[in-house]
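Quick one: structure below, then a few questions.
A, B and C are the chain letters, set down in written order, and residue numbers restart from 1 in every chain.
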Amino acid sequence: MLGPIVGVLFDGLAYGMLLFLLSVGLSVTLGMMNFINLAHLSFGMLGGYVTVTLMDGLGWPFLATLPVAFVAGAVASLVLERVLFRRAYRASDLDQCLLTIGIVFMSVAAAAYIYGTVQQPVQLPSYLTGSVTFLSVNFALYRLFLIATALVITGVLVAALEWTRFGAQVRAAVDNQRMARGLGISVDGVFAIAFALGSGLAGLGGALAIAMVGLDPAFAFAYLVYVLIVVSVGGLGTIWGSFVAATLLGISDMAGKYYIPELGSFLIYLVMVGLLMWRPAGLFGRR
Amino acid sequence: MTAPVLSTRRLDKSFGSLIVAHDINLALPQGVRYALIGPNGAGKTTLINLMTGMLRPDAGQIFLGEDEITSLGPDERVKRGLVRTFQINTLYPHLSALEAVTLAVCERQGHAGTWWRRLPAYRSAVEEAHAILCSLHLGEDCYRLTHELAYGQQRLLEIALALATKPRVLLLDEPAAGVPRDESAGLFTAIANLSEDITVLFIEHDMNVVFRFASRIIVMVGGRILLEGTPEEIAAEPRVREVYLGRARCG
Amino acid sequence: MPLPFVLTPNYLSLASQIAITALFALSLDLILGYAGIVSLGHAAFFGLGAYTAGIISTYGWGEPLSGLVIGAAVAGLVGYGASFVIAHFRHLALIMITLGMGLLLHEAANSASWLTGGADGLQGVNIWPLFGAFKFDLWGRTAYVYSLVVLFLIFLAARRLIHSPFGLSLRGIRENPLRMPAIGAPSRAHLREIYTIAAVIAGVAGALLAQTTSTVSLEVLSFQRSADVLVVLILGGAGRLYGGILGAIIYMVARDQFSGVNPQYWYFWIGLLLVAVVIFLPNGILGGLARLRATWRRAAS
């Protein structure tokens, strides 16, 4: 009887780690600048398509494309931030939503135009396919890889936040922007870098997502809802909050779809609405 | 001796280890003009927030007349006559001055929930609003949008909004903050001309204004009330000078 | 403004759809443009009205006017319940809760296929002729007059609401929610009231759709529809009462003209439009016109 439960937990954890990579950037930038960037997953989608293009078009090995996916997300966000988003930092919630939804629409249409609407297949290297059996439960190698990668990245993020000067500046800017500026911290610069890093992680997440949930132009919208759930339930501006919320969401979604498939995503939405009513600032959020 | 119009009993509030209010006991009789003074960070605005219900006290009670209001929300306290103005303008940028004050009048009269009646009740509210604005010399600019008014006029609009609620007790948080000297005289004259029925408590840093317009002064330091008395008593008290200027180093 | 009868039937049905969209956008304007509630799930009430009107007709009662009232009442009741939650939150939490509620209802309708027909849509919708004489047919004349009259009447009511003290209160809440309790205003009660009213009107729009097209599909509850009505309202200009109508006309006519084009590419231009509106026309077309007028006035003086 343990088998299915462990299987669901494992798959849920892998899914949660993926969601974490896709969400952490949004949580930090929302916490810092209060800028509602619904186009966050467009960077994710970009990373995914970069990987596909490099592998199919140029024959690159899978692992080598991952850093490029990260860089692609980061660079794209820097450009967009400078050209467009900067003007909207002081705009209302609604305007920010509309602006970034517009970007999503455009990116989805562009992806459909260039790549078509089919799911993109990706050929994983042989050492990542197949599974490992432990205590009579099958653990897919790719998901192990995903979990391991995400945990390493979490470790790096937390360490950077705690022990580097940049991390301290980020924490200061999230905590009290005006104060941070008063202390001479270039909040705009810190934000641009944090934004790039977050979008880069989203790009990486998008690349990693192909073999787990698939990639098609609807990605930017379909998973946006999940990312928003992670961010609002976990709290703004907190890495730990995103981690916990993503894990919870990944496991509950897997469990829900496995045990009560007729309900579909109903359970997730219900839990989110309930959690937000109990804690509107998220589980680990402030204010 | 009638009950004080606003009183607090053993009011406490702290944020973690930061004590912003400790054992505040006040009893304000009707009609008196109180000045609340003290160095920055003494907890003066916090006290107003506590009294108006924007902050919940950790301990203690607040009374309006005979009634305890400690558990009431801010809008309920306003309905009973306890009203404040804000140190930083908290106005409606895209409403005209007249619309803003009319809104306050309608809320007071309970019309603001009705949407099927149009002119009759509405017109008397507009006239009342206009009268209030005129009494504060804002009558000519009443149609201008709030964000287009001069800063001093906006401070007056703050007071107009408070007056529209027909307060019994008016708490003014640095009413002349940011207003140039020559304009603030007009502001305080307007405050001085307020009805004798209203009890006024204002936070102020300018001692000339304080001694001119207040009949009693409360001194707050570090969340506690240091002294209370008439202007003459406070002026003579060496502790007050200490609190503002520090202990004398020699002599 | 009403298109003359001279136009071909095709355009009459387009005109009814424009009226319905305008009504839906008007209901969103009341909560978004006037009270400042950002809702990404307003289609919930539209869909409730549509499904209610459709379902009672499948159970044998197809009288349109009473169906309209019942659909609106159901939407209003749910809106009233939801308003207790909505009035408590702001910013991201509010956006997410409205989104979540919309998604929840969509999922629920999907699962409850015994009632709603699920992904296949509601089957057997049968609307009786209006007043026993005017049939809802392919020519669309009845639908056209019906929708237009309902839009007109509700528009008048909304206009009265906006110019009443309640309308002023709503603008106060939007302009400065912090100031409201300080003047003794029960903001939450006001928000609950307007949210319920908006839900009723959205329900009317949804019921109109069901009755004029004799179909109801899951699409009426979708995020797509919530997003579309938002685009329509923003295009015309929120908080200006006529914005929804203007936006509906432009959006629906454009969509009709480009209906041959692949929907993917349609959304590219919508996206570009959104970006352009936010950057250059933050108050929609009506807002832009108002600014032009103000500049002319200043230039003239």
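Just so it is clear, a contact is a pair of C-beta atoms (placed from the backbone, for glycine too) under 8 Å apart; a residue touches a chain by one contact, two chains touch by 3 or more.
This structure is a prediction, so every number in the text was calculated from the model and none was measured.
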item	value
Per Cα centroids, the chain farthest from chain C	B
Centrality ranking, top chain (CA atoms only)	C
Separation of chain B from chain C, taking each centre as the mean of its C-alpha atoms, in whole Å	43
Whole-Å gap between the CA centroids of chain A and chain B	48
Rounded Å distance between chain A and chain C, as computed from the means of their C-alpha atoms	33
Contacting residues of chain A [partner chain C, same complex]	30, 36, 84, 87-88, 91, 93-95, 97-99, 101-110, 112-113, 117, 217, 225, 228-229, 231-232, 236, 262-266, 269-270, 272-273, 276-277, 280-281
Complex interface listing, chain B residues touching chain C	52, 54, 73-75, 78-79, 83-84, 86, 90-95, 99-100, 102-104, 106-108, 111-118, 121-122, 125, 161-162, 164-165
Residue numbers on chain C that touch chain B, as the complex places them	160-161, 163-169, 171-172, 175-176, 178-187, 189-190, 193
For the chain C and chain A complex, residues of the former touching the latter	32, 38, 40, 85, 88-89, 91-93, 95-97, 99-101, 103-104, 107-108, 110-111, 227, 230-231, 234, 264-265, 267-268, 270-275, 277-279, 282
